[in-house]
Amino acid sequence: MLINCVAYQDGRKLADIPKDEISNYITRQDCFVWVGLFEPSAAELQEMQHEFDLHELAVEDASHGHQRPKLEEYGDSLFVVLQAVDLVGENLQVGEVEIFVGLNYVLSVRKESQRSFQSVRTRCENEPRLLKHGAAFVLYALMDAVVDRYFPVLDALASSLEQIEEEIFEKNSAQSNIEQLYALRKKLMLLMHAVEPLVEATSKLAGARVPRMCIGMQEYFRDIFDHLQRIHAAIDGVRDMQTTAIQVNLSMINLNETKVTKKLASWAAIIAIPTLIAGIYGMNFKNMPEYDLPYAYPTCIGVMLVLDLVLYRWFNRIAWL
Amino acid sequence: MLINCVAYQDGRKLADIPKDEISNYITRQDCFVWVGLFEPSAAELQEMQHEFDLHELAVEDASHGHQRPKLEEYGDSLFVVLQAVDLVGENLQVGEVEIFVGLNYVLSVRKESQRSFQSVRTRCENEPRLLKHGAAFVLYALMDAVVDRYFPVLDALASSLEQIEEEIFEKNSAQSNIEQLYALRKKLMLLMHAVEPLVEATSKLAGARVPRMCIGMQEYFRDIFDHLQRIHAAIDGVRDMQTTAIQVNLSMINLNETKVTKKLASWAAIIAIPTLIAGIYGMNFKNMPEYDLPYAYPTCIGVMLVLDLVLYRWFNRIAWL
Amino acid sequence: MLINCVAYQDGRKLADIPKDEISNYITRQDCFVWVGLFEPSAAELQEMQHEFDLHELAVEDASHGHQRPKLEEYGDSLFVVLQAVDLVGENLQVGEVEIFVGLNYVLSVRKESQRSFQSVRTRCENEPRLLKHGAAFVLYALMDAVVDRYFPVLDALASSLEQIEEEIFEKNSAQSNIEQLYALRKKLMLLMHAVEPLVEATSKLAGARVPRMCIGMQEYFRDIFDHLQRIHAAIDGVRDMQTTAIQVNLSMINLNETKVTKKLASWAAIIAIPTLIAGIYGMNFKNMPEYDLPYAYPTCIGVMLVLDLVLYRWFNRIAWL
Amino acid sequence: MLINCVAYQDGRKLADIPKDEISNYITRQDCFVWVGLFEPSAAELQEMQHEFDLHELAVEDASHGHQRPKLEEYGDSLFVVLQAVDLVGENLQVGEVEIFVGLNYVLSVRKESQRSFQSVRTRCENEPRLLKHGAAFVLYALMDAVVDRYFPVLDALASSLEQIEEEIFEKNSAQSNIEQLYALRKKLMLLMHAVEPLVEATSKLAGARVPRMCIGMQEYFRDIFDHLQRIHAAIDGVRDMQTTAIQVNLSMINLNETKVTKKLASWAAIIAIPTLIAGIYGMNFKNMPEYDLPYAYPTCIGVMLVLDLVLYRWFNRIAWL
Amino acid sequence: MLINCVAYQDGRKLADIPKDEISNYITRQDCFVWVGLFEPSAAELQEMQHEFDLHELAVEDASHGHQRPKLEEYGDSLFVVLQAVDLVGENLQVGEVEIFVGLNYVLSVRKESQRSFQSVRTRCENEPRLLKHGAAFVLYALMDAVVDRYFPVLDALASSLEQIEEEIFEKNSAQSNIEQLYALRKKLMLLMHAVEPLVEATSKLAGARVPRMCIGMQEYFRDIFDHLQRIHAAIDGVRDMQTTAIQVNLSMINLNETKVTKKLASWAAIIAIPTLIAGIYGMNFKNMPEYDLPYAYPTCIGVMLVLDLVLYRWFNRIAWL
């Protein structure tokens, strides 16, 4: 579905143009066309391939989808794949953004992601001074927007870890903790898969030898590169703590097992001792003088209670109860 | 066993040719010969070595088999070893594909793999525009076919992990989970061993300094390289989650042990309390006034039941039962 | 908040100058201005951007804050972000220090950190010989001060590990150990996040190709680089031991569980044996000759005691009790 | 002990020569001498140092022994240390092979390894075409022989892992499994220590800038390099599975503990229930009408049996028994 | 404390010289001075800084101490920091050795290490042929001496691991094993921290571009580099086995827990069965015909014994006892 098709000149919007006039505009000096597609059909992609003379392999990747993030040069043009990661309820939704960039065109393709790039377009149109850089600035703005959306996701994961941490030394929460830790791991992996390949790809736009169209924009792409490194380090940090948390959780489970065994042992003793005494006074020997003593029974019960009290205190003191 | 022996010129099939005319064709300008062998005998390999003037060490590797994936240059020719990984029922079958490529010949050798390369040949013959690139395009098409077959294998492993994940927090499935996790690890290793060495090998065909025959084909090999990186990252992801799953499984086993111990302790208490009371009233003291009370017995049984009910509720409330 | 604004010439302080005269001084030969800000407002930052002609992206980073440590070149100027880590009670407080350096200015911005840089200024003014190097020496002195503060933090973490180690083979301290080990991990991560990116950044100032303003200062920056490597290696060491300690802790927990089970088993046996004997002599068979023996009862009790004594000693000898 | 001392010319054996004529032969054009020593005395080594003008440090290494595998250039000569790993019963025997190679000599020293290099000599003498390459080919042949012997060792380790895997999900084999897994780890380490440093060393003989004497032999050394990489990857694979197997073993041990606890609990219940009933009917209340019922006793026993049958089935159904 | 101050010329000792004549000797051609200090005071260091014109930062590092091993170039001079690791009883003592080397001086500073360098001095003076290389040879001899002392430490750690291994599959030694494994880890870390940074530093003296004074000595430094790599690999090996040993230890602890539980269950059954029977015959039903049988009591006891014997054998057969 075609969302927008706009021609820009000298940092300013010229006009919304129909698709079939694209080729007229992209040959003009200082002019570039930015087309935005949303989940395009094969036919739409083919049309664009024709208009912009896109490389067959790049278009194939875009129509297949499910690419890992990457940046590929085809002659003077770039093909960039990004993953848009959004938080939908408790889950992460991973969409795909493909950007074809030439000296005077940008074709952005958005898939499985509900958040449009309208705000990016608005930002670009509001900064004519920067938009003068042409297609490369649009590429920057699009990448910046996608990468900026990683931060709230990361924050959500980090606070989810913090929530687990608060409960990890509580007993009785081991099972829910371990389930949450596993779910957290999965989300971290998803985010990492979006970020990791992008770090290297972005570094190609920020270094000394960048594609021709990006010359003069290195500091901007370095900014994205820096954000990505920050996210990468933060994910690594959360991952490390999550791994430690799983180990701690296992320790807490085993510690709890010991506590239960101690409790079991304590109560077993408290019950077994009077049972033994009762057993002894249930013996049928003829000659058991206690049997005839007048206060034998209450005394016996008294002894049982005293012994149990002593045991109870003892187990309490050694923290088995 | 010789499967095919075909000469191509200018992107089109010339003719099926007999083995002994190979040398006539490979000296012609713009012409190349593509021979397909299946589990060749030593004699067949030697014949081919003679026809194509293959390097002794490469032929030795091909006759020994069980090579790891690799790409070796011998002067102007390439020797490529790939592992074809197929899903046969629950198991992975690893076959071997060896490809000798020169400026005007391709010799593909297939071993222990039932899936033929006929579809690759058909694809090549249907794209004369690309087949004009000569032997290098055939190499690309063969590698692409082998690598594309990794994806369904990877999907099977990923969905096998998902299946385990669904059961991992269920009790009573720990043993089958751990067995499946171990089996999954073995399969991941097999696939990784097919993919990992290939990533680096393929990068040699996609970079700036490629073998002469591959000049102009870099973007195609980069496409394979990209697929391999995607598979590599995905295997890493599954492996990471599998490692976490093993830890989680251990935690669940220990958690379950605690639950069993709690159950044991609860029922032990529920049985031991009335046993103790019965023991007390089994004592033979002469002077136990309860013995003569008319409703002593039912009262006693009643007290036992009430105590057990209280215990049962208590254990229920603290989730020990 | 503006803390200082001083002009220096030839290694000596010229004068405290008002903000709006900065531009007069930074154009003079051999003169540089060092401005110190503390948690500046957006307006203050913008003013400085104007005075020093700072790069937009650097200022944006400085106003956003929460950057990871980094060193970025913008033309002839540098933008350095450091994290100031201080020990506040048991916790680590992470502040941020941003330094903009040009050939004849230094702008240092301090955030969320209570320890001022007054001592650095004093040190610089006391070493006119070194201050002659200009802004680069101030950069060195600031970085050196921040990095030197990592050492007491590291020492605190190391001695916290040592304290845990002293208790790790004690029983009954498993839970507090594991809590402390987890907390230690978190602090190590914080410190590592401050140090790790800085190692690489600092190496850029110590190598063969350094920014123009740092020429002649490489050995000083190499000194910082060396300190950072030392801290990095020490953190790694603590981290490694902490990981081992968590494993050891788990082993101790399980070992303790075994000890509890052994104790439980021993006492259970000591109670169960006389209970069994009492049960036997509670049987109602008519023909039990022991019942009528005169010393049967005390003998029976004696046998119980002897058996228990034997058991007790036995369990003691095999160290179950 | 001197094993052989032979002069070769133009790929063919000239003659067995006495030690003191070595210097005559190694100055001839196209001629080289190959001396084989077995556990040489210090005196023998010194003699050889004199004859071949070997570097002091290399000879020192050779006389000390216990070197790690390495390849060192001393001017135009090479000093290569290899570890010969052989399977002796269940254990690995690690011998040492040191090779001094110059343009026209090879001195091979074998230590603590019973397998001689006679077969290598025979192979070389049977291939005069290749032996024409001179000392470098002998070096290749020796290295190839040592490296080829790693494969059966590796196979033995891999099949030892497979054997463990077959038993890992069986109960009652946990202890022997863990012992075997530990022993396997030790052997893997030994083999890895022989292989790992050699991978890098061999790559120096296979690359673009090789020592002068090895020019033209690169493809042969690349073949060894490739074998080493294959072994390296295989060891890594076995190691990874062994690590997983240790974790799985731990899970199985814990799972088994739970099973034992469940069995214990089940049988405890089956015994405790009738014990409780017996206790109740051992009470001495006067007014217990059951005591006088004619079939009370068999009914009571019947109730006990029925309850136990119900329990037994129940525990069977929930798989506790 | 000044230990030695000697001038050498042409590989031979000239004379012991007083400190204040150093400057006279180090300006002579082919002459160099070697000063040895032991735990010098600040004043002594300053004096030396003056005599040899040492770099301020290097002297500062030397006076602070607690540096990590490193090698730094200051113009034409080198500053080398080594850690001397010695075995003192069961513990490792880490001393520090700092070496300042110029074209015609060596200043060696030894701290917290009791083993003097007198033997190194003797060795040097006994090899005039090598000592002709000047200060670089002394640096080599000092480094070689320090590194050679790592070997006995390493051997001690390795044999400490072997000792643990002998006991690891024994029961009842789990706690002492785990304590020793932890202590071993700490020592491995200490040694690793001495070795690891040195590997890289030494490689700088063995490669193609070495500091001017070391030209012609590369093969000697490569020898040290090789020793360091050997130690590094050996530490890695011990560390890997130690990690495995901790896991094995945990498995053994859990296995032992299962054994204890099995023993507990077996004896519980052996006691509970006769207790149940005794309970049954303690019931007070009027109509229990066994009560009046003449041999009921001994038969009952007999049945108890037989049942227990059967149980005992059964538990023995399934190895629970």
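To keep things simple, chains are lettered A, B, C, D and E as they appear, and every chain counts its residues starting from 1.
By our rule, a contact is a pair of C-beta atoms (placed from the backbone, for glycine too) under 8 Å apart; a residue touches a chain by one contact, two chains touch by 3 or more.
On a predicted model such as this, the values are computed, not experimentally measured, just so you know.
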Original post:
What is the set of chains touching both chain A and chain E?
Top reply: C
Original post:
If you fit chain C onto chain E using only Cα atoms, how far does it have to rotate, to the nearest 5°?
Top reply: 70
**OP:** Could you put a whole-Å number on the gap between the CA centroids of chain A and chain D?
**Re:** 40
**OP:** Spell out, as numbers or ranges, the residues of chain E touching 2 or more other chains.
**Re:** 247, 250, 254, 257, 261, 264, 268, 272, 275, 279, 282-284, 288
Subject >> Cyclic ordering of chains (reference chain A, direction chain B) >> reply: A, B, D, E, C
**OP:** Within their complex, state which residues of chain B touch chain A.
**Re:** 165, 168-169, 219-220, 222-223, 226, 229-230, 233, 237, 240-241, 244-245, 247-248, 250-252, 254-255, 257-258, 261-262, 264-265, 268-269, 272-273, 275-276, 279-280, 282-288, 319
**OP:** Could you please specify the touching residues of chain C with respect to chain A in the complex?
**Re:** 55, 57, 61, 67-68, 70, 72, 74, 172, 174-175, 178-179, 181-182, 185-186, 189, 193, 196-197, 246-247, 249-250, 253-254, 256-257, 260-261, 263-264, 267-268, 271-272, 274-275, 278-279, 281-284, 288, 290-297, 300-301, 304
